[in-house]
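Pasting the structures in now, so scroll down.
Presented sequentially are two complexes of chain A, the first with chain B as partner and the second with chain C.
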Partner chain A sequence: MSTNIFSRKRQIIEERSLSERSFSFIFILLVVLFFGVPLLWLVLAPFDAITTYSIKWPDWTLSNFSKINENPYALRSLVNSAVFSAGTGFLVILVGAPASYVLSRVKFAGRDVFLYVLLLFSSIVTGTAAMVPLFLLALKLNLLDTHHGVILVLTGGLIPASIFILKDFTDSIPKSYEESAQIFGASSWRILRDIVTPIIRPGLAVIFVWTFVQAWGNFLTPLIMIRDVNKSPAANMMYAFYTEGGTAILPLVATFSLLYTAPVLLMYLYVNKKYGFRFHGGIKG
Partner chain B sequence: MSIVKIDKITKVFPGGVRALDELSLTINDGEFFALLGPSGCGKTTLLRTLGGLESPTSGVIEIDGKDVTWLKPGARNIAMVFQDYALYPHMNVLENISYPLRVRKFSKEEINRRVSQATKALSIENLLERKPSQISGGQQQRVAVARAMACTPNLYLFDEPLSNLDARLRLEARTFLKQLQRELGVTTILVTHDQSEALALADRMAVMDKGRIMQVGSPAEFFHKPANYFVASFIGSTPMNLIDGVIESDKVLIGKRTFNIPGKIKNKVSDGQKVVYGVRPEYVRVSKEDGHGSASGKVKVMENLGTHYLVTIDCDGTNFRGTAADGSEPELNSQINLRAEEGRVLIYDKQSGDLIE
Partner chain C sequence: MSTTINKGSRAAKLGNSILGRGAVTAFLSPSVIFITIFLFIPAGWTIYLGLTNYKLTGFDAANTKFVALDNFLKVFQDPQFINSLKLSIIYVIGSAILGQTVLGFLLAWILSTFSARARNLVELIVIFAWIVPGSVVAFLWVAILNADEGTLNRLTGSKIEWLLRYPMLSIIVFNIWRGTAFSMLLFSAAITAIPKSHLEVARVAGATRMQQLRQVILPSARPYIYTNILLITLWTFNDFGPYLLTGGGPGGQTEVLPIFVYNTALRFLDFGYGSAIATVMLLINLFISLIIIKRSKRNR
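What follows is the complex of A and B.
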């Protein structure tokens, strides 16, 4: 008797899970298609001799890449983007890491309020509303049309959120690491170098990639601050591949898009492989 | 190796919490000393103050006659084993153990000598290449102890070193720690909330409550003669009988029955004084025979503790706990006589909580 009931119960569960599973399968398939199809186009279209909006097996050629190569500004813009992004990434780490460490380890009155106000301002600094005052400020400081001007503005916008995330990460690291080193006689600098930095390195890597990608994709700030086309980043260069009438020159846009996407993608894969994009605190293993 | 003298240490945290309250204590040379108390009693704060991780609001700490109160943690030549072991996750076992030695700029040969000595003593030589996350909790603890040992400190501080181990491993680690401390002969201070750990490990121990020391003494003294009501209720794997009563003509009146008090304190109590009658269940004998005891009651609960039973007896509304040997245990709900062993009864003053002796 009892085995009968159990097997029937199991049957019901299996039936239900089958319909549930087929539903989730279809749902996931749709999501994959929604995001996957444009990516497929991005990968295939640049290699096609006749680029259209449709996805088809390409008529293989590299002529689109040589055309991009002939454009005097295209590759330079990618280098410019790399300078902006790497510069912003390093500056954010340089300022944000010590700041977040102090905010995590030293308690002072109004610390949390300070953090939230900081976060609130971060969305303002690089926001559209702040562009006019930022432009005027940059004008006064002779920062217009310079790489370091753009880097400073982008850094200013990304530092608060970075501090916020890094502080959270540092909070999850037990103080006993530092305290034990202290008892063993290590100086504060030594503890920072030998203990703290290696342990928060995955957090720093995540923040670096995040700020890099943010700067890489930023369009508005360089658009306003850079006039010299030689100094323009790739995000703005995209508009060079439009006809005067405003229609996209599809083969070139597709090819440049792939070149624009690839570095960020590769960097993500590298960091993901090295650090796994998860915060390991793990004091007990 | 070291005598630790703590003189009227007070620690008030910002926010007004008084973690240590004019606490004085002397720890003898080579002693294994345990600080025991409920959470929040200040025992960890005291240990951290000894280590230099907290600075006291007032008071003096001396190690071997030298005032170290305001010395940096690294200048005290002590080693601390943390509750979470604090093994650096990015270093392997070898690097972890040698890190303090590298900080202190020992020569390579000296570092190698000390590391191999410590790892041999703790039999972890085969783990040197592993990361802390790749070894078990028990092994992590040994690595943490080895790291402390390699420093050859004058004083070991242990902050609940066994609490992260599972029950079985904890017993093994306990025996091993005690043996190691004997061999090294270095003064060791252990903080724990587990009284069986303190009783088993310590040469002497202190029970703390609310930033003060309630009693200092050997584990045996704690077990047989708790100095006050707090310690009496805190120490012992089976809770002590602590029953309110009133003195009446050299006896304690509890409910309608009177119980004998130790003869030597008869002139220290007066009629009508409110007291607490205390006796460990281990010293309360229960028997079915008539005329055996000073009270009788009904068996309410029987708890099997392996070699003996813990028996809860209802005497006219007052619960007494006694023990009966395995094999001669009474039946549930049966009427039974009980008697406290001569010389094992402790009388506490109700108001002050102090032992009357």
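What follows is the complex of A and C.
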């Protein structure tokens, strides 16, 4: 009798879990379609002899890639993007890393106030809310239409978050390495060069890739600061690949999109493989 | 014993750090200079310009005057501003709160019951959508939504000009596609952090998935959910992304506040009025940020 009830209950649970399972499966399938289908165009259209807006199995060819060479601005804009992104990545580290080290290790007077004000202002003063003074600043400092101008503005926008991430990273490393080296009489510079830098290198790599990806995709800063097509980055150049009649030159847009996207996807895969890209419950209410 | 050694060493002299006062200053100054130029000055400058009639061209350009609160009185009576504010609110609620948060949570929750392999694969697709540069994402959606050849019309057998007929819906779906990965990753960390034994107990007691969700997962994930909503509300409110897909059109139907500021100040060169709108944005940002910071202090 009691076994009967037990197996009945078990049957109900199994039926229920079966329907839950199929619901989960269908939901995930729909999500994969929603996110995957638009990406298919990016992967397939560049290799299609007749590129259209539709997603279809291509009539395979590599000839579309010659369109990139035919357009005088396409490759140059990718180079410009690389200059902006690498420049911003290096400058953010050069400026931000020393500050984040000090903020992590030295308890100077006013440190907590500084961190609070930095957090508050960096959340409030966003690129869109501050675009008017950023434009005027660039105008008055003769930074319009220059590569270093864009790099400086992008760096200014990315420094606060980079400092916070690097500070957290440094906080997680025990001070004991530095302290024991000190006891053995190593000079400060030697400790920084031979002990601190190697230890925080993964943090620096992650920050470099993060700032690189941010700058690589940034559209608003160059939109405000760059007028000369020869200095435009890929993000903005995509909007110039239209005929005089206003129709998109699809083979060019498709191949360019793939070339423009590939570097950041590869960087992500590399960082993910080497350092593992996941939140570890660090961001909490 | 060890304390005596420490007292005589450099550590005690330099305040328990390997750096002296000069080095500390040198390490901090570049960042302080950048932060002053690119955060503090722009904030003050925006508010100041909002109180003037500064224009780059026209009669007022040569005669910039202090107009006190005129711009701000004008802002709240300007139907274009009211329209933009409304669109921004719809954009935030639709794409950030209902879209990214709900979809991100469902994904993290359901994927937590999948094998690691299936989970990594699905996550990778969602993360790719997050990393692809915005300009490319915009074009992928232009292709999907195209009236004649677009995939959406092919699937539904219609001929709708989606970007013209449903522009707001289009930018909302576009932003959900682009941004869900962050919420998914955050919630996935939150669900992983729940002790396995809690879920085990619920399962042995015969709780359905829904009951496990309500009684175990939601209560422990709640702080993450609030943080996520606040953070992406702030980001989405300041997002210039819709410009990539619709340019604010057609006829201002997707002109969210960031695009309205851009059009007013940098296209029509009315810096004074543009800054007044930007100041309203700064105040809304301040309000959201203060809630975020207060919450994170309380939970620490």
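Methods note: the second predicted complex is superposed on the first by the 235 of 285 C-alpha atoms of A that agree within 3 Å, B and C clash if a C-alpha of one lies under 4 Å from a C-alpha of the other, contacts with A are read in each partner's own complex, and residues count from 1 in each chain.
Heads up, the rule we're going with is that a residue touches a chain if its C-beta (ideal position, glycine included) is under 8 Å from a C-beta of that chain, and two chains touch if they have at least 3 such contacts.
Everything quoted here is computed from the prediction, not taken from an experiment.
Peer 1: Looking at the overlay, what does A:Val253 touch: chain B (first), chain C (second), both, or neither?
Peer 2: second
Peer 1: Is A:Phe84 touching the first partner chain B, the second partner chain C, both, or neither of them?
Peer 2: Neither: A:Phe84 stays clear of chain B and chain C.
Peer 1: Of the two partners chain B and chain C, indicate the one touching more residues belonging to chain A.
Peer 2: Counted on chain A, the partner with more touching residues turns out to be C.
Peer 1: Let me test your reading of the model: by the given contact rule, A:Gln182 touches which partner, first (chain B), second (chain C), both or neither?
Peer 2: A:Gln182 sits against chain B and chain C alike.
Peer 1: If we overlay the two complexes on their shared chain A, which of chain B and chain C does A:Leu192 touch? Say first, second, both or neither.
Peer 2: The answer is second: A:Leu192 touches chain C but not chain B.
Peer 1: For A:Val264, using the defined touch cut-off, is the partner it touches chain B, chain C, both, or neither? Pick first, second, both or neither.
Peer 2: second
Peer 1: Once the structures are superposed on A, label A:Val102 by its partner contacts, choosing first (chain B), second (chain C), both or neither.
Peer 2: second
Peer 1: Which partner chains sit in contact with A:Ile224 here, chain B, chain C, both or neither? Use first/second/both/neither.
Peer 2: second
Peer 1: Let me test your reading of the model: by the given contact rule, A:Pro174 touches which partner, first (chain B), second (chain C), both or neither?
Peer 2: A:Pro174: touches chain B, not chain C.
Peer 1: Starting from the residues of chain A touching chain B, keep only those that also touch chain C in the other complex, and list them.
Peer 2: The overlap between the chain B and chain C interfaces on chain A comprises residues 179, 182-183, 280, 282-285.
Peer 1: Any idea which chain C residues touch chain A in the complex?
Peer 2: Going through chain C, the ones touching chain A are 5, 9-11, 15-20, 23-24, 26-28, 30-32, 34-35, 37-43, 45-46, 49, 103, 106-107, 110-111, 113-114, 118, 122, 125-129, 131-137, 139-144, 146, 148-151, 154, 177, 180, 185-186, 188-190, 192-193, 206, 208-209, 222-224, 226-227, 234, 238-240, 243-244, 257-258, 261-262, 265-266, 271, 274-275, 278, 281-282, 285-286, 288-290, 292-293, 295-296, 299.
Peer 1: Which of the residues in chain B end up touching chain A in this complex?
Peer 2: Touching chain A: residues 51-53, 72-76, 78-80, 82-90, 99-100, 103-104, 132-135, 137, 140, 151, 164 of chain B.
Peer 1: Considering the complex alone, what residue numbers of chain A touch chain B?
Peer 2: Going through chain A, the ones touching chain B are 174, 176-177, 179-186, 190, 194-195, 198-199, 201, 280, 282-285.
Peer 1: Given the complex with chain C, which residues does chain A contribute to the contact?
Peer 2: Listed in rising order, the residues are 9, 13, 16-17, 20, 24, 27-28, 31-32, 34-39, 41-42, 45, 52-55, 94-96, 98-99, 101-103, 105-108, 116, 118-137, 153, 155-157, 159-160, 163, 178-179, 182-183, 188, 191-192, 213, 216-217, 219-220, 224, 234-236, 238-239, 248, 253, 257, 260-261, 264-265, 268, 278-285.
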